[in-house]
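Heads up, the thing below is written out as structure tokens.
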Amino acid sequence: MSNIEMPLVLFSVLSQTAIGLTIMNSGRQIAGDDFIGEGRRQWGIVLAFLVTGMVASFFHLGHPLQAYTALKHLSTAWLSWELLGVSIFLCLALFGFFTEKEKKSGLVAFLTALVGLLTLVFMGMTYAPPGYPALNNALPMVFFLLTALLLGTSFSAWFTPSEDRSWLCRILTVSLIVGLVVYLIVPCIWLSGGTVMAQTAEAWIESPLYWGRIVIGLVLPLLLIWKIKDIPPWLPLIILIGELLGRAAFFQETVHAASNIGGL
Amino acid sequence: MKKHYGFFIDAERCIGCFTCAMACKNQYHQPETVVWRQVYPISEEIYPYHERAFYSLACNHCENPTCLNVCPVKAYYKREDGIVVHEQDKCIGCGNCIRSCPYGAPRYNPEQKKAEKCSLCWQRVDAGLKPQCVQSCPVEALQIVDLATFDRPDTVQYPPGFPKHEKLNPSVRFVVPQLPKVIGREDI
Amino acid sequence: MNDIEAIRDFFLAGDAGKLKRSYQQLSGSFEATPPVVEDWQEVEFAFNRLFVGPAALEAPPFSSVYLDAQGLVMGQTTMAVRQMYAALGLESPWKNSLPDDHISLELDAALAMNHVLKKLGHSEIQELHARFMNHMTRWVPLFADRVLTAPSRHPAINHVVLCLSDWLDKQTCGLKNYQSAREEKV
Amino acid sequence: MSTTENTPETQAGICPLTRRRFMKGLLAAGVLANLPCGLLRPTRTEAGEIVYAGDYEIFRNACPRNCYDTCSIKTYVKDGVVQFIEGATESTFTRGGLCVKGYGYTRRPYSPDRIKYPMVQEGRGTGNWRRVSWDEAMDRIAKKILQIQEKDGNLLGLALSKYSGNFGITNYGIEGMMSSLGYTTRLTGTPCWPAGIDAQNFDMGDMWCNDPEDMVHARYVILWGGNAAWNSVHSVKYVYEAKRRGAKIVVIDPIMTQMAAKADEYWQIRTSTDGALALGMARHILDNKLYDRDWVMANSVGFEEFASYLRENVTVEWAAKESGVPATNIIEMAEEFATAKPATIWIGYGLQRHVNGGAAVRAIDALVAMTGNVGKVGGGARYGHLRTWGFNYHALLQKQPEGAKGVPGKAEVKGDFHFAGGNDAAAVSYSDRILNINKTAQVILDANDPPIRMLWVACKNPFSQDFDRNKMVKAFEKLEMVVTVDQFFNETVNMSDIVLPVTTLFEEWTINASYWHYWLSINERAIQPMYETKSDIQIAATLSKKMNALKPGSCTFPTEIDSKEWMTKEFNQGIYDLFGIKSWEDLKKGPAKAKMPSAAWHDLKFGTPSGKYEFKSELAAEWGNKALPEYVAPREKTDKYRVLTPHTKFGLHSQFINLDWSEEFNPKPFVYVHPQLAAEKNIKDGDTVRVFNSIGEVKTTAKLSTVVPSDAILMYEAWFRNNPYNVQNVVDDTSSDMGAYKTGQPGVAIHDQFADLAKV
């Protein structure tokens, strides 16, 4: 059992939402999707998620004013890369926000999305430390990609006219099913791993946060989409709540290797 | 060969008395909940008698320290002699090293809002003294050794109950505890 | 008599009589009206449970308990406070037997600093004073909080602690002015 | 030394300012002349800048607790404050280390919870304390003493309860203080080791053990009924060294102790049957003629009688049945032990805390003696010794005031650490009233002529350490005044009328010797006493001053003393010669070791009436025991399960466990239950359980553990500052079989206790 790390929960989920949204945006711009006038608003929402997340992340630090020094260790520390990635992403998003008026800016969106995607990779590496055997692998990256995908697609619906949402619905449905499978299978795999992995699995399975994330973040949205056949504006918020619960479980319920020193 | 300090933990000699852990507190006066050295009982799956065998562990001063690698502000450095030092004035308290180290060596200091860990008493070592934990051990179960020349054949790097992380290559060597022959009571 | 002297003497009082005397010397320049005390013996018992003993103290009157990671006396904070006194050319008459960072000694030092400030307006004293007040503002609120919420809290003692907080607020107001002035200069 | 960059200044929120920066200006302006501060004073000297790194003053201290190891301490002081401590490297016994308890010492003087001033409680247990001056405290105490004298015509109504909280030599000034007041009531004896002391005195004429450092020469080591790995950590290295050199190490104990885990063999014995096991081995050795016939012939008396007893009453099978140890193992060990030369047995204090404990020690002594291992390097029946305690006892030996009355006739005050001397026998017509420390509650309740009106408690926490706590509550109700001298508030202080603050080891001068190893240390005053604390002898002097002011001649204790001078008064030429030092000042350079042969009884001149080892002791018979080391049956069960309450590694009786650092590693107490017993009682790990018997109950958390036998419950004795846990709630004051001869009172059967348990 670790700390719930609320600042990190908010930071990671919200920044991943921003990245997901940007990727969707970029994809659609490249695909020539036509949503003049929505672009700037979309940059604004991306910035809102990102800035809220980044502000939250400061509360995680013992000494937030020295946060900038975290860029110092690019040679080995993924956290430095994560900060660099998020910072560039922020700059590009700001640029996008201020430059995109009437005209679409496909290149900026593409670049931002690319940086965002890389940042997801850096994040995945940062949160896969040896201290947590259950996470010392590609799983964090998978989780983060899923978060970006789920929230990116669902929030995209805000900027998509209802008649154009059917393909979004399809992507989201598939993502939710993939997410559900991943999140249900992962603890089962952990159960057959070492002691600390198994302990992590048990902690997750016993956690209301985990089941909250499954039900609120995955099952409920699936049922709703199946029923409504659309992504109503409030649906992304439900998925967001699910993601936040899931991330809280990620930080709080994952068992640290040191808790089992002396045990097999 | 280059000097590389590490701890030699003779769990066969160790009596789990916690003297080393307390000697560390006596030297550095860490605040409540911050312990640089902890004495971990070995579970009954490994040693069948409850709380009768122990590993006394602090920082393992790994050859490839994950704390150093993941620290975004370069608050860690590894000395020529292998000692991994945490410089607290650089630390911003991000907790990344604490999350990262599988041996639980860095601890969060709630007063300073920074991490800290065993320094292998490098100031004492530089002054020709033993680290305080080593000096305090009443049964000579804990020693500082130079791994470049250490060659006791009966030692292991990863005894059962000690997380195996070959990438980190912790600078510790162990002798595992033996069981006595137990003559149990006939009447119960 | 200066109010702060009364507060200082209150926290050093050894018995009910001395508690009463220093309490009555509070001038009333503070906003709150002092509660009327019927039984000074009761105040004394509460005072001892909070600040003296013999049982574990409910609100130790030493800054180190609040500021040192260790939570005990004669550590880094006590020594730093001792250094501050030394900078003024002062030392505690109970050096190494009563921790230098006892609230009464700190108030005494504050009195000395205020006096010198008034006489000289010496800038270096001003700096020392600012730092000392900064130190006090770091622990006195914690101390006051412990007193006000302690199981043995007493209205009269609460009043003195509130007066102390009041005084410290006023001091730090001046301090803020000084600091902003200093920043401007820089 | 600190590796952190956490400077004191940032910690306190202030920055260092060098004083000379403005001292000159201030002085020139004349401002310092009339500062309004009423407390702080101008510094006396223009001292240099305070240096924060390095530069320690080093003082010599010694751990004064009731412990085998009595570690010699080096104390590092800066700015008049203890910074950290280490063991003295000069001692080959401690080799620069202390123990888990000792390293917590730096917490003691500077805990904000320390008792700081003399205080008076208005109503015991009310928590209504008034701070008083030493003068007022002494006035109340002295007046009470004079009132008792007035009322009873003597001071037998004043009783002293003191034991092992501080074994410093000058701390015997507490007993001295009592003598200087008159004839008083003394709670004497020892709860610790008396049955074994008598046993060894009956057998050999004294308690004397080999130097523990010579254990390395043993070829066979039995640690019997003692857990050295927790209670004498520095001795363990000698056991290891013996093992490395080829010796076999055997531990015999009802509990699978830490020491047992480090042995070659561990024998789980049925509690209180040690005598049977030893006698069974003796019988086999006898039958197979493996005993040392020459040694026995030359150096002992009564061996033939002992042999007949064995032949007629003891068989290996019987011993196996009694002890639970299989006969084949008894035979094997008997043969190995008898043929290994030298072989030694370390007799722990646990095995003699029984109604048959003294008899068991005698049986084990006999085993060592018959194999010719007494008087040999690397051999011996090791129990303890006081051979290095030949001090002057200047603080102890005080004369009663003229005209003082007490119990008519001469009665010798005895005790394990009570050293004879003092009064000229012919001149004495009165004595102290001697009562049993091991029945403190009962004797207070029973004493009526006169009743005990006033109790002085020092170096002791009766509510935590004396037996049958519930009875103690009743006993205290009978007392008119209780004065407790202590460092921390505990239940005894809570039940006192007056508490007096006492110094820690860093704040006083004294001398410390060990009852186990051969080293001697002085204890310097490393720091000034904090607050208004005084050492025990200073308290005695302060009381004497008041007594004499109120009634001249009522107390013979000096009214002014210098504690350093008093320490030096304890030395004599004998001590200097024994330790090979010219003066006590040599000890400032480090501890010294007695220049004694390492083998006890090396000259085979025993202190018994016959001058030989006495298998048959008439003295033992005189004191109500069997003349031969015969087997005595264990105490009948009084409840379902045996309760064992031995020492924890984190504390020494009621001390150390209350310190915050100690709580870091040992936050709360447990009751240890074998999984099988737990299953029967439906108890799971972590459940709260109640251990109860006819005298009381203890509630605490269960830990399931296979180290405990399934017919016993294990709880470690301890005093936690925030937990009412107290094992004395279920330990009664039943006496052990021996102790009265040398320590004045029989011991107490601490481990012959029984209780039931249930899940709460």
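As written, the chains take the letters A, B, C and D, and residue 1 is the first residue of each chain.
In this text, contacts are C-beta pairs under 8 Å (C-beta built on N, C-alpha and C of every residue); 3 or more make two chains touch, one makes a residue touch a chain.
Here the structure is a predicted model, which means the values were calculated and not measured.
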{"item": "Mutual neighbours - chains that touch chain B and chain D alike", "value": "C"}
{"item": "Highest C-beta pair count, chain pair", "value": "C-D"}
{"item": "Centroid spacing, where centroids are CA-atom means, of chain A and chain B in whole angstrom", "value": "36"}
{"item": "Distance from the mean Cα position of chain D to that of chain C, given in whole angstrom", "value": "43"}
{"item": "Interchain centroid distance [CA atoms averaged], chain A/chain D, Å", "value": "63"}
{"item": "Sites on chain A at which at least two other chains make contact", "value": "none"}
{"item": "Shared interface positions of chain B, touching two or more other chains", "value": "29, 32, 112"}
{"item": "Junction residues of chain C - those touching two or more other chains", "value": "69, 71, 75"}
{"item": "Touching pairs - complete list by chain label", "value": "A-B, B-C, B-D, C-D"}
{"item": "Chain D - residues contacting chain C, complex", "value": "6-9, 11-19, 21-23, 25-27, 29, 31-32, 35-44, 47, 50, 79-81, 107, 109-117, 119, 122, 127-133, 489, 493-494, 499, 501, 527-532, 660, 721"}
{"item": "Touching residues (chain side chain B, partner chain A) in the complex", "value": "40-43, 45-46, 54-55, 57, 66, 68-74, 90-96, 98-104, 112-114, 160-163, 165, 167-168"}
{"item": "Residues on chain D engaged by chain B in the complex (per definition of touch)", "value": "1-6, 84-87, 94-101, 103-106, 229-230, 233-234, 236-237, 240, 251, 256, 258-270, 320-321, 324-326, 329, 649-650, 660-662, 664-665, 703-707, 709-711"}
{"item": "Residue ranges of chain C in contact with chain B within the complex", "value": "69-71, 75"}
{"item": "For the chain C and chain D complex, residues of the former touching the latter", "value": "2, 5, 8-9, 12, 14-16, 41, 44-45, 48-49, 52-57, 60, 62-65, 67-69, 71-93, 95-98, 101, 104-105, 108-109, 111-112, 115-116, 119-120, 122, 124-125, 127-128, 131-132, 134-135, 137-139"}
